[in-house]
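First subunit A sits with subunit B, and in the next complex the same chain sits with subunit C.
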Partner chain A sequence: MTAAALASGGTFDQVGLLAGRAVRRVIRQPAQIVFPIAFPLVLLAVNASGLDAATKLPGFPSADYLDFALAVPFMQGALFAALNGGQDLARDIQGGFLDRLALTPISGAALLAGQLGGALFMGVVSAVLYLLVGLALGVGIAAGVAGALVLLVLAVCISFAFACFGMLVALRAGTGEAVQGFFPLFFVLLFLSSAFFPRDLIEQDWFAAVATYNPVSYMVEGLRSLVITGWDGEALAYAFAISAIAVVCFLVLSSRALRTRLTRT
Partner chain B sequence: MLRTVTDERAIEVTGLVREFKGGVRAVDGIDLHVSTGEIYGFLGPNGAGKSTAVKVLTTLLPPTAGSARVAGYDVTREGAKVRAAIGVALQDVALDPMLTGREHMRLQAGLQGIARSERAARGDELLARVGLSDAAERKSSTYSGGMKRRLDLALALLHGPRILFLDEPTTGLDVQSRTALWDEVARLAREQGTTVFLTTQYLEEADVLADRVGIIDNGKIVAEGTPAALKAQVARPTIELAPRDPAGCDAARAALEPFGEPVAARHDGSIAVRLRTGADQLADIVRALDGADIPVANLALHEPTLDDVFLAKTGRSLEGSADVGEPDLPVPDPPAPDRAAA
Partner chain C sequence: MSSLARTRSVACVVAWRGIHNAFTSPALLLPSVLFPLFFFIAFAGGLSGVQNAPNFDFPSGYSSFQFAFVCVQASAFGGVFTGFSIASDFEFGFARRLLLAAPHRGGIVIGYMLSAMARAVFVLSVVLLAGLVSGMRVDGSPGDMLALLALALATSATATLWAAGIAMRLRTMQAGPVMQMPVFIALFLAPVYVPLDLIAGWVHDVARYNPFTALLESARGFVSGEPTKIAITSACLVGMFALTALWARGGLRSAERAG
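Take a look at the complex of A and B:
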């Protein structure tokens, strides 16, 4: 073998290879596609029919609850993507595949980025699907075509942030069970946000307070603003900023956790 | 054998210690060296510290104390250079069940920095060498244990390493798969001059494959040398017998006392004696037992093995490895040890 042949393929090459593997793993496990896409849509259908009366409340921001609730599947899809991505990584740790990767010249950053590939893929696929389903059900995007594109970008950013958290839990705990254990927490965060009800209409003080401090509220409101309000710079700024901060924080923590996990010299 | 073993040190370990939480010393001050082109067998029971030693030598775990150089590089300070020079197949076959054999090879080739234009050919060449060409497009989850081990070996060899670490490569394999893997490892050393550091709990594996063997127990190397030299340390054969009545052990021990010194028996309810001269004493022993009226349930003559070396050094037999290749002498009923020996 020539020295040139042995020369590093480069970080982008490594990330591409690992991301390709992550996507293949998702595609080859139908349960990782069907449930993350179907469950949020079923819940959307249930909520849209069951909570439609809420739109009669004075000050409710949309005439149709479906318009209001369309942001929720994007969040739930992100949670599922995080869960599946984290479990895949935990399986790599438990099965020793991470050791195999550690024995190659791959950098920690490339390893993290590659592992996130599958979650990112699922984030894009599910976001496009939720949007198409919403449009098919008659939801209008108040911010127009450009708004729909921004909606997809924001949804993918949120998905990426949650995937980073799933990765962090997997690296810290090293087991799929631990990742699974965080899933109810994610859902509690979602239910204690403004996902299902506008913050200014929440009458319980404690709930309103929790929803106000819950970053998930701002992610949902950013997505929702594009559907029912139009261009709301403040809501979008909050949503993108919180997603970006979450990505940076979780990536930094994941990077540290990876260094601890990979004790290679 | 055409193989060339040089004086150059491929692996050099001095006072290596690896301690875990709670003060457990999995590796407790080992010294060893492996020459270039040599097959070194690291033999020991489960939990002896073999895998921990491999993880330190392959840079996956930093040592607590001591030093180790692999391919001329320090494992603590020059981890990346060590990794570039070695191939590793760890005890747990780490494959992605969702990827095919060929996809594994492409992924590994890319991560090892092999040029794109060479990845496919190199991967297919290795798959062919380990006999997996026909299964290349199947997901690894459908592979048998032997096929997974072979794919693991092919992945370890993909970047042409100078030194190959194999951590219990044949554990759980059937005899046919085990033999095929032995052949491949021997061929690598013979034809390519690859240095092989092999851990195993199988006596036969160490005996057949290794140029030199290090026997490890409780994190320490208790014996080291060529299989022949190690066996020569306990050169005389051992006789082991189980009295039909377990209460007869003392009487049997007394009857055998003139024939050699007592050693630890491999089986409960048995006694063992290392013979003074050898198998020529067998007829006298049988007569002595018959004369003392000690009915015998089982009588075995053990030629020295690596297990005897382990037994002599640790007082214990290697787990599940006793009697490899040494059939017991049957004792017919009614007890007639002289006929059995004959």
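Take a look at the complex of A and C:
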């Protein structure tokens, strides 16, 4: 990728060039593909067996815990995509690549969109894989084929939202360590949600309250509704709305952070 | 000075350094405290409804059930985190100077192990305090709790030896996932959420032969005041300790050869 190529193209060409670079960088690092995909699947297998007894509880929404838990790998995949995307951007900042890009006529919007290419690619690949593994293990999608497609779209939207957050952290902090430091926070958000147990069956009031105010609960419930309920407009509306709000907020903040960072340099 | 005295001297110095570093550097101590606390809160709080499942029988309550898991998990991960410190010592050259200076190098590994055990005592105290504050029932006697502590310390020592073997062979912080993932997977292929009989599918078969299952069941027996499977657990711990000690010894030899 040369400065001339960036300069001669329009915004879409610039985004394409940067996104292509981000995708190639992901592909060239197997650790960025294998671990984020394998780890959620291992955890899914373990949880599906370990928590299957929970499906015997009155009011549990599915007969098989695997159906209930299939939404979780999509969320974990999104978290890993955010982490890796953020770290790649932080590496660009630390290595001076972002500063060199700033010397080209590339627009800020193209720079942000391009940087998200790698995370978006991972989001799509992992979402398709999780869906295929789920189907292979016998999970039925209650909303049918169209529901499976919506599930993929929603999973990619959620990945995009988390990737925007990873990008914001990288732009604000500028170091890979800082992005890594946010990783536990992502997991806290996931574990303190309704990802592993239905909200109405959570016995501890304080946990139920935290899960209710945790936006991750609604993302998981949106994904899950397509698998175990069918078409649940309210759950889907919440999930898409929260993802969209997160994308807009984090992109606006990232755009400001980018301006500040480029001004600083 | 006898060989034993030299080993003890090296072990004490390395242990003191490890404890000092851990307790004066929040970046080292916080993850080893926060992760077990977080697991405890997330599992005991979020999954407590599981105790109403048919045939779930643990009278002390789900918080106590998960407390036992967190004790074993915190001890094992404390050992792994100590492995990270060993790898870091190699990356920054300190471990090589230590190898040159130590009159008896086995003491280095023992020192790291002792520092991991000291950290485990601190972490377990914090988790116990958090559990008691949140209303967790402890039906075990003080003797049972001491036995639980001994089990946790033996787990910590074993995990440290495992992680030390890897850290001294690879001598880089990038070996972190290699130390962490097998321990994580072995722990989660045991009865984490429900008793063994309620686990379904292939995980049940794996859990039956997983030594961590015996550790967890014993730990839960101590918490509930009904000690169980002491002989199997002791045998598992002795076997795991012996194997990981050999593994760590091989790692030490590898580091010595690398110079």
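Note that the second predicted complex is superposed on the first by the 255 of 265 C-alpha atoms of A that agree within 3 Å, B and C clash if a C-alpha of one lies under 4 Å from a C-alpha of the other, contacts with A are read in each partner's own complex, and residues count from 1 in each chain.
Basically, a contact is a pair of C-beta atoms (placed from the backbone, for glycine too) under 8 Å apart; a residue touches a chain by one contact, two chains touch by 3 or more.
Please read all numbers here as calculations on a predicted model, not as lab measurements.
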* subunit B versus subunit C as contact partner of A:Leu201, first or second or both or neither -> second
* With the two complexes superposed on chain A, say which partner A:Asp99 touches: subunit B (first), subunit C (second), both, or neither. => first
* Touch check for A:Phe35: first (subunit B), second (subunit C), both, or neither? -> second
* To do: Would you sort A:Trp231 into first (subunit B), second (subunit C), both or neither based on which partner it touches?
  => neither
* Which of the two partners, first being subunit B and second being subunit C, lies in contact with A:Leu17: first, second, both, or neither? -> first
* To do: Check whether A:Ser49 is in contact with subunit B, with subunit C, with both or with neither, and answer first, second, both or neither.
  => second
* Is A:Arg25 contacted by the first partner subunit B, the second partner subunit C, both or neither? -> first
* With the two structures laid over each other on chain A, which partner does A:Ala211 touch: subunit B (first), subunit C (second), both, or neither? -> second
* subunit A-touching residues of subunit C, taken from the complex the two chains share -> 31, 34-35, 38, 41-42, 44-50, 52-56, 177, 185, 188-189, 191-194, 198-204
* Show which residues of subunit A lie in contact with subunit B when the two form their complex. => 1-2, 4-9, 13-14, 17-18, 21, 24-25, 28-29, 92, 95-97, 99-106, 263-265
* subunit C-facing residues of subunit A, complex -> 35, 42-43, 45-54, 56-57, 184, 187-188, 191-192, 196-197, 201-204, 206-207, 211
* Asked: What residues on subunit B touch subunit A, complex-wise?
  -> 58-62, 75-77, 79-80, 82-84, 86, 88, 90, 92-96, 98-99, 103, 106-108, 110-116, 118, 122, 139, 155, 159-160
